[in-house]
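Contents: one structure, followed by commentary.
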Amino acid sequence: MAAHSEPELATRGYTFSELMVAAAAREIADGELVFVGMRLPMLAFLVARRTHAPGAIGLFENGIIRETPSTELLYTMGDPPNLRGATQCGQMLDVMGLLQQGRVDVGFLGAAEVDRFGNLNTTWGRRNKEVQRLPGSGGACDIACLARRTVVLLVHDRSRLCDRVGHITSPGYGSGNSWRRAQGLPVASGPSAVITTLGVLRFGHDGEAFLASVHPGISVEEVLANTGWTLRVADELIETLPPSDAELSVMREIDPNHFWTR
Amino acid sequence: MAAHSEPELATRGYTFSELMVAAAAREIADGELVFVGMRLPMLAFLVARRTHAPGAIGLFENGIIRETPSTELLYTMGDPPNLRGATQCGQMLDVMGLLQQGRVDVGFLGAAEVDRFGNLNTTWGRRNKEVQRLPGSGGACDIACLARRTVVLLVHDRSRLCDRVGHITSPGYGSGNSWRRAQGLPVASGPSAVITTLGVLRFGHDGEAFLASVHPGISVEEVLANTGWTLRVADELIETLPPSDAELSVMREIDPNHFWTR
Amino acid sequence: MTSESKLLTMREAIARHVPSGSMVLLGTQLEQMIPFAAGHELIRQGRRDLTLVGPISDILFDQMVGAGCVARVMAAWVGNVSAGVGYCFRRAVEHGIPRRIETVDYSNFTMALALHAAALGVPFMPTYATLGSDLLKKNGNLREFSSPVSEEKLVAVRALRPDVAILHVQRADAQGNAHLWGSLGVAVDGARAARKLIIVAEEIVEPGVIASDPNRTLVPGFLVTAVVHEPWGAHPSPVQGYYGRDHEFFAQYHDQTRRLEDFEEWLAHWILQAPDRRTYVNLLGAARTEGLGVKQHALSAAVDFGY
Amino acid sequence: MTSESKLLTMREAIARHVPSGSMVLLGTQLEQMIPFAAGHELIRQGRRDLTLVGPISDILFDQMVGAGCVARVMAAWVGNVSAGVGYCFRRAVEHGIPRRIETVDYSNFTMALALHAAALGVPFMPTYATLGSDLLKKNGNLREFSSPVSEEKLVAVRALRPDVAILHVQRADAQGNAHLWGSLGVAVDGARAARKLIIVAEEIVEPGVIASDPNRTLVPGFLVTAVVHEPWGAHPSPVQGYYGRDHEFFAQYHDQTRRLEDFEEWLAHWILQAPDRRTYVNLLGAARTEGLGVKQHALSAAVDFGY
């Protein structure tokens, strides 16, 4: 997510990564159970807890549940600081059971590709005309199927926001409308936001994405030009609220060298 | 099991309960995994370990696995001495998983009724003409379905060894022949012996019980008269080997007051 | 921080969270740590039409059936583990005294799987257990089906989601993070299967004690509805590291409940006329509780969560 | 008493119990306690046609694929957790270098359920996960079916029974009774799912240490085939209470495996020319291992198994 970094920091006082983290943090309500993930979502979770959602609880696929997050910068969810003082270190099935029971409010996912219906691909990439093998699902498919809401973070780019993904690693709204129900997926589930380097996409009742907000200094045209399908735009399009001082200070306390928020 | 007790002890030097325990102990081979149960089977397990099967391992439905049994007299498998120093105190599903994997060699069961095909009833009793509600399966049905061999212990009495049980709490060979296969039960499973106060019954290839041995001083006629169907008798009927001094000394060390072996 | 205390008295916890008609899970640790104090409070508060769920409960289900609290029992075994049958259970099933009850018979394994399915959030769990048995024929929550991946018959054990689970544990903090050790039985799945969870603890400890060993934490505190501090709350069942099993109490219960009149006397003496657990413990007397206490401690080796 | 020692050197354990063509379960504790020493020995002994099974393995699967040991990978995620993709895995899948491999893609949850089914001894486990995904369409071990107890679609995850599981743990006795703490992942089911089980331990302790806390025992020793004492055997992954994650090592691996020639150099330096783990640890150097060591201990509160 390096594209916009240094100049942005100078002119605006924050990077686009920091803006994305702040936007992601606001997707977490107080007291919610959150499948956290690493990197930007982890920072977003920490920001949410230290600002508007002090009771948010973090879950990790290795079985770890934390009511009070580790204050150290983590490279993986299995880093020793994430285990010490955890609320519970259980088995993977313990946290996946909570997920399948419908108790997990929101899960954060990254993706190589997302499409107009919020389907995600993290298995097969495309660069020029070559197919690239990517790492795969991990827990992403499980979270996309079973969390009450899913929030996706990725760089905004025509090749990554594409009309239809080449491989559905993690299902969004499929081909739209009642597709999720027809597949047998839980009623209360599905993507709720795609936070990119240019704006925030949300989903209509028909399951198709629309542009809900643009980041400060970004034009709608720029967003549309960088999206691989004809993206609908909200009637009441807003500008993404910049990160507050409180939000920025948490991010910079945890990640002073901009390791994650370049 | 009080019917034969005190006079037997005086004339023979052992009670029929002690004979049953010794016979049950010999059903355990060295190194086997044994679903133990309480009372006489527990004693049999301890006797086997201290004589011919020092490597036998005990499993209990509450999740406990012991390579070295507690030396104290237990009233229940959850008594504190059965936990301290256990090989593992897991969940019920951990031991039931071993059972369902086919790893448990032998399970011991009691019963209110057993029939000619080794089916057991521990749910509904009959006394005179009244129906009695008994405690139910506990883990008996699971063990009868899934252990490689099942050994049953009960008092020999026409009302308890009946042609067909009124309720199959724990399946034996059903109605005989390939019945277990037809039900979908594992190939290597089913009752291997019924040890009573009068003798030992085993099962033919057709799943029907036959008298394999009579206890010392008991006549075949006495056994047949106390059995609720026309019991087949083995061509090579033998006399049950009495408990050895070594076997008796283990029983009496653990149960000096004949609490279980009245 | 979700750090407000969930501590309630037993009276408050039962009054608020276990109304008549509830499906209540009890006895998840089999012969250990049976929540007798909670059962007695349910009796004192006059609950009716409960559905009792559990693999076994030693004599607790028998008492609650005898006291008229119960409409239905879903269990693998109901009786008196060291002494034999449960007379109140028999009177209810055989003669409708004090009322008719419905019984839904499980095996231990299928009860464990019913709770496991609920804990995992799926409608059923597959097993070979109970094939060929009359449990399968008579229990509507056990259903034969064909394996979707092999040519085999299997039994689908339907998920059971109790309204409330009551678990007795050794120690918990005020937020409900609890350490349970020794006999686990179906406690882990039971705690996650239920809609509400009441933890009854021998000791309330600082959160740091529980957090020092998060592998031993039964469930994260946010799944816990209420925490009750109730020493001796599991008597006459044992609590590893705290007290032993009162075998004599079970034998006496057996003798004193064979006749209905005697049971009623037993019930009045030990439950109805004892307004709380403290009174019950006083009835036991110091000699009895001392006799049951730990004679030789056996502490676990520490593990290091440091880095 | 089954008390004979199962202690073997890593070389012996791999030679005896993991032939070419085996299905091997590795990485059950996700980012912690990955059995790198065992994987390196498999590479040195020239195993071929292995099927690797695990939810993720950080960079271990990448190394084994790059070394040509692997015919098939059944996993949820293959790459470098802190640095991104795994270049050897990509070269094999995209270009057949050093050989073509088959990939069978799972999600974390469905991999956990495949091992859970095997541990429970049933042919499959049901789940809603992967409905609507291309994982379900392409992985033959995931099959849609209709719930036998409700009007719902479900996925049957077929049981996976590896030939051998290799688990790294903190401490074990010579009979294989082991204590594992911190990150559990799918270790408990994985250990029970496999036909053979090799335990690799940071420390070998007296049986009494393990028996002092039987709730923490991973599996009873009789399920364990061999025990290997291999300090630092999980480096560069962390072992709670013993050493931290060597993030820099992962970053260096990423940089030094982008080009095939560089990977071959890396492989020679760290694995092929280091005949055993002791040599590998010497290559790391004392400064590095000291830096990764525990700076602040955090011991668990004891529990009492006394009575």
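First chain written, first letter: the chains are A, B, C and D, and each begins at residue 1.
The definition used in the following text is that a contact is a pair of C-beta atoms (placed from the backbone, for glycine too) under 8 Å apart; a residue touches a chain by one contact, two chains touch by 3 or more.
Predicted, not measured: the structure shown is a model, and the values here were computed from it.
Colleague: Would you pick out the chains that touch subunit A and also touch subunit C?
Modeller: D
Colleague: Farthest from subunit A in C-alpha centre terms, which chain would that be?
Modeller: Between subunit A and the rest, the longest centre separation is with B.
Colleague: Higher C-beta contact count, B-C or B-D?
Modeller: Counting C-beta pairs in contact, B-C comes out ahead.
Colleague: Between subunit A and subunit D, what is the separation of their C-alpha centroids in Å?
Modeller: Taking the mean C-alpha position of each chain, the two centres sit 28 Å apart.
Colleague: Quick check: how many Å separate the C-alpha centres of subunit B and subunit D?
Modeller: 41
Colleague: Any idea how many Å lie between the Cα centroids of subunit A and subunit B?
Modeller: 59
Colleague: Mind pulling the residue numbers of subunit B that touch at least two other chains?
Modeller: 64, 80, 83-85, 89-90, 93, 96, 99-100
Colleague: Where in subunit C do residues touch at least two different other chains?
Modeller: Answer for subunit C, listing residues that touch two or more other chains: 120-122, 127-128, 152, 154, 181-182, 184, 188, 215, 238, 240, 244, 298, 305-307.
Colleague: Mind giving me all the chain pairs that touch?
Modeller: Those chain pairs satisfying the definition are A-C, A-D, B-C, B-D, C-D.
Colleague: Using the touch definition up top, name the residues of subunit C that touch subunit B in the complex.
Modeller: Residues 29-32, 55-56, 58, 75-79, 81-82, 85-86, 89-90, 93-94, 103, 105-110, 112-113, 116, 127-135, 144, 152-154, 181-189, 237-238, 240, 244-245, 247, 250, 298 of subunit C touch subunit B in their complex.
Colleague: Would you pull the subunit D residues touching subunit C in the complex into a rising list?
Modeller: Result: residues 120-128, 143, 145, 147-150, 152, 154, 156, 158, 170, 179, 181-182, 184, 209, 212-213, 215-216, 238, 240-242, 244, 294-307 of subunit D touch subunit C.
Colleague: Using the touch definition from the top, list the residues of subunit B that touch subunit C in their complex.
Modeller: Checking each residue of subunit B against subunit C gives 38, 61-64, 75-80, 83-85, 89-93, 96, 99-100, 123, 130-142, 144-146, 167-171, 174, 179-180, 183-186.
Colleague: Going by the contact rule at the top, pick out the subunit D residues touching subunit B in the complex.
Modeller: Those residues of subunit D that touch subunit B are 1-2, 119-122, 177, 188, 192, 211, 214-215, 217, 219-222, 305-307.
Colleague: Per the contact definition, I'd like the list of subunit B residues that touch subunit D in the complex.
Modeller: So the residues of subunit B in touch with subunit D come to 31, 33, 54-55, 57, 64-65, 67-68, 80-81, 83-90, 93-94, 96-102.
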